[in-house]
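One structure follows; several queries about it will come next.
Chain nomenclature is as follows: A, B and C, assigned in order of appearance, with residue numbering initiated at 1 for each chain independently.
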Amino acid sequence: MLSLKNISTTHRKRPLCNLSAELESGKIYTILGRTGAGKTELLRIVMGLDDIADGHLELDGQNLADRPVRLRQMSMVYQQFINYPHLTVVQNVAFPLRRQGFSRADAHDRAMAALALVGLAGFEHRMPPELSGGQQQRVAIARAIVKKARILLMDEPLANLDYKLREKLREEFPRLLAENADGIILYSTTEPAEAMQLGHEMIVMHEGCILAMGAPADIFENPATVEVAKLVSDPPVSICHGEIANGQLMLAGTALPEGAGLVLKGDGPIQVGIRPDALSIGGDMPAKVVLAEFSGSDTIVHLSLEFGAAVMLLEGIHEFKTDQSIQVSLDTSTLLLFSAEGKNITERRSNG
Amino acid sequence: MGRTYHIIKYLCLLVWTAFVVFPFLWALSTSFKDANAVTSGARYLPWVEFEPSVQGWTSLFASGSQGINIVTPFLNSASVTLLASIVSLGLGTLAAYGLSRYSYKVGFVKNSDITFFFISQRIMPPIVLAIPFFLMLKEIQALDTIFGLVIVYVALLLPIAVWVMTDFFASIPKELDEMAMIDGCTPIGAFFRVVLPNSTAGLVVAGMFCLIFGWNDFFFAFILTFTETQLLPVAIVSLNSSVTPWWSLSAFALISVTPLALIAIVVERFMSRGSLAGAFR
Amino acid sequence: MLKPKHFFLLPALLTLAAIILFPLVFTVRVSFSSWDVYQAGLDFIGGRNYARLFEDTRFWESLLRLSGMSLITVTLQYVLGFALALAVWKKMRGGRIFRVLFLVPMMTTPVVMSVIWRTVFHESLGPANDLLSMVGIGPVPWLSSAAGAFISVVIVEVWQWTPFMFLLLLAGLVSLPREPYLAAAIDGASPARTFWQVTFPLMAPISIGAIIIRLIEASKIMDTVYVMTSGGPGTATETPSYYIYIRGLRDFQVGYSAALSLAYLVLMIITLTIIAKVLMRFLVGKET
């Protein structure tokens, strides 16, 4: 068990504020956050590469503060493809094993096995700079898992790969990470889909703080705050200002039809979260197309509505012109309600 | 304009080339002259304008009062330069690595100030330190010894090594050494096992500059040695002031500048690859 | 146990401090003494040596001469070095040979080459006057006239150190980004325009670095002068380093020469700092 207790740092670029979390062995934790949210900084303090200004970091109840990096039984995969340029691929992977005291032959065999696992059998005598980006990252991953470290840290390992390679490697991750099944795996990413797909648990970070932590599906279904809602969905949840008046949900002065089971208590201004798939073509809401883009087999349409801007996700390819006027409808059953301060106040009547 | 431009360009390059190689060719020609060929005015082409003689070259290796001994000064120069370069490169590389990876703070003194302290030694005119060095070496009985010169040359070359290597290490991602530590190296182990093996380019450049500035120094060798540990530049200057014939002087000069001139080939390769640029920002 | 961060830095720092600090402190102390050939030792005579150097016109003249010499040689080195670097920058036939040859002079020992140059400039037996006589000039009193000696030293300095400028500037050119040139080509800019609007500004930082380094080195000129002219004729080519050398190690006025050398060091640092700042503002348009 790795525990973070009220950890703060004074890192110049992105100070971390009061982080607390308990991470259990055998689980994959994904850290989701935008660039600059503090994900790398969090991994670096766990690694011991940056200092902690305040708080405690404990592994199985032992304080890690004074333990040097090399004794932390951790391994790391950087976003940049970091390998040792002067060593061959197999020497790269055997390097940590040799430092752990394995014999040359033993280390070599284990390294070869790890290379086979990441699909680099036959490349063992190449030098890393001769390999493609994807292959270089596979070497780094092999080197990270071959150690069977207590904690495996991966800092946006797919970020610098092109789309195809990213998809392929991501599909392999569950199999590769199974090698480290007894360890704690911390995996940071900027992509909600990746975080939810890979993680047993998800940690949502924003501006140096942990906003939410828990099962990915729970966080997705029931985001604690507006920020979390925006972060865990791609395309993001659109946030519009509305109000509750006389038990009715008003958007831009118009009352929405009685939604499926939303509890509407107390009058006053609120924020309404609209999931991208809650909007669909056809209906009585006038909207103007600001921009339409294709993402895989989906179409993402940025709309300007009477009550503000919102994003609509349509399956399939749809052609829109900029400034085209269309009619849309809103499925109120998946709306999220937040207080004016941004706290989730969505309540649904059980069973409608 | 293409063609005329090219012709003019090559002409200019050839003129400069002529200027660059002229003293070498002149020295080469002179080294094969005898008294007759020298005193009858400027002569250039052997066989055509004068009858070549090898006495300029043989005199350098001849023994006795006739001979000029070049072997001892050559070996002295080589030992001092190599020893001082190795020490400077070793210490300088360690310091440069420290400065590029750790932050030091003593009072108001920070990394940049320490780097400046190193590099600023190049500003110091040799004359400022000459007399104290003289007295200091006299005190430890290291005047006119290789050991004494090496000490002084380390002070001369260390700034160069620190300067080149600091810039070089800045170009090596720090993630590389972090990775080594994560993989089980101590910080010092990470440096020796991972950073150093990937630093050959920087070490070669820094080493070359140490050799150049060490081999070519005259002033300190001139002041701090007398007869026992004469280096090449001092030897030739003392020959120059006596009645040494031009042919011997020329041969002597050519022998003493050739080893370093060959380094130009290595420097050119690094320069063309662009791996020198980082060193000079 | 020595911490790693100290393991790396301390050996070099302590070595340099040990070698440099004693001489420096010692020089300061000696500059307040009357140590000379008649009485060696550290008495204390206050600032008398410093008062004397203010009256010493030979010292100030040598400084003025050095300024002129540095300015001329470094300017020539920069212009020639830049021109040569530009000429061999792009791929061309024989480019490598030119580049290697152009570097050679800086690798050679200044005093050794000065010995050769002295024979070149010999008035009756040297090739300089011989070649000039072919085009009807001369004979030029190279080393025996004030102007001739000055010019000889400048020629040798330019020969020796233009390669250093060439090296730094070509290294800079080689690592320039490609994009601005593409943009200039698309805009149809002429070569001259491309140079002034793209190359020169991009090269400004490295130019400043190269000029400063050369000014620092030029301000120490001594080897060439010692061999070629011994400061003469008279004091026509005497530089501060050489003058201090004569006062300290020929006349053995140790106390006075210490004061001279410190004054020289301080003046140099001040001047070079000012020049660096001016160049920064002039070429890059920002303060250091």
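Odds and ends about this structure:
By our rule, a residue touches a chain if its C-beta (ideal position, glycine included) is under 8 Å from a C-beta of that chain, and two chains touch if they have at least 3 such contacts.
In this text the structure is predicted, and so the values were computed from the model without any measurement.
Counting only chains that touch, the fewest steps needed to get from chain A to chain C is 2. Averaging Cα atoms per chain gives one point for each, and the point farthest from that of chain C is the centre of A. For this structure, the chains sharing the highest number of C-beta contacts are B-C. Centre-to-centre separation of chain A and chain C, using mean CA positions: 58 Å. Separating the centre of chain B from that of chain C, both taken as means of CA atoms, is a distance of 16 Å. Between chain A and chain B the centroid-to-centroid distance comes to 56 Å (mean Cα coordinates, whole Å).
In chain B, the residues that reach two or more other chains under the touch definition are 186. Residue ranges of chain B in contact with chain C, taken from their complex: 9, 12-13, 16-17, 19-24, 26-27, 30, 38-39, 41-42, 44, 91-92, 94-95, 97-99, 101-102, 104, 114, 117-118, 121-133, 135-136, 151-152, 154-155, 158-159, 162, 186-188, 191, 212, 215-216, 218-219, 223, 232-233, 236-237, 240, 246, 249-250, 253, 256-257, 260-261, 263-265, 267-268, 271-274, 276-281. The touching residues of chain B, when paired with chain A in their complex, are 173, 175-176, 178-186, 194, 197-198. Of all residues in chain A, those touching chain B in their complex are 47, 49, 68-70, 72, 74-76, 78, 80, 82, 84-86, 95-96, 99-100, 143, 147.
By the touch criterion stated above, chain C contacts chain B in their complex at residues 4-9, 11-13, 15-16, 19-20, 22-24, 26-27, 30, 80, 83-84, 87-88, 96, 98-113, 115-120, 124-127, 129-131, 159, 167-168, 170-172, 174-175, 205-206, 209-210, 216-217, 219-220, 222-223, 226-227, 240-241, 244-245, 248-249, 254, 257-258, 261-262, 264-265, 268-269, 272.
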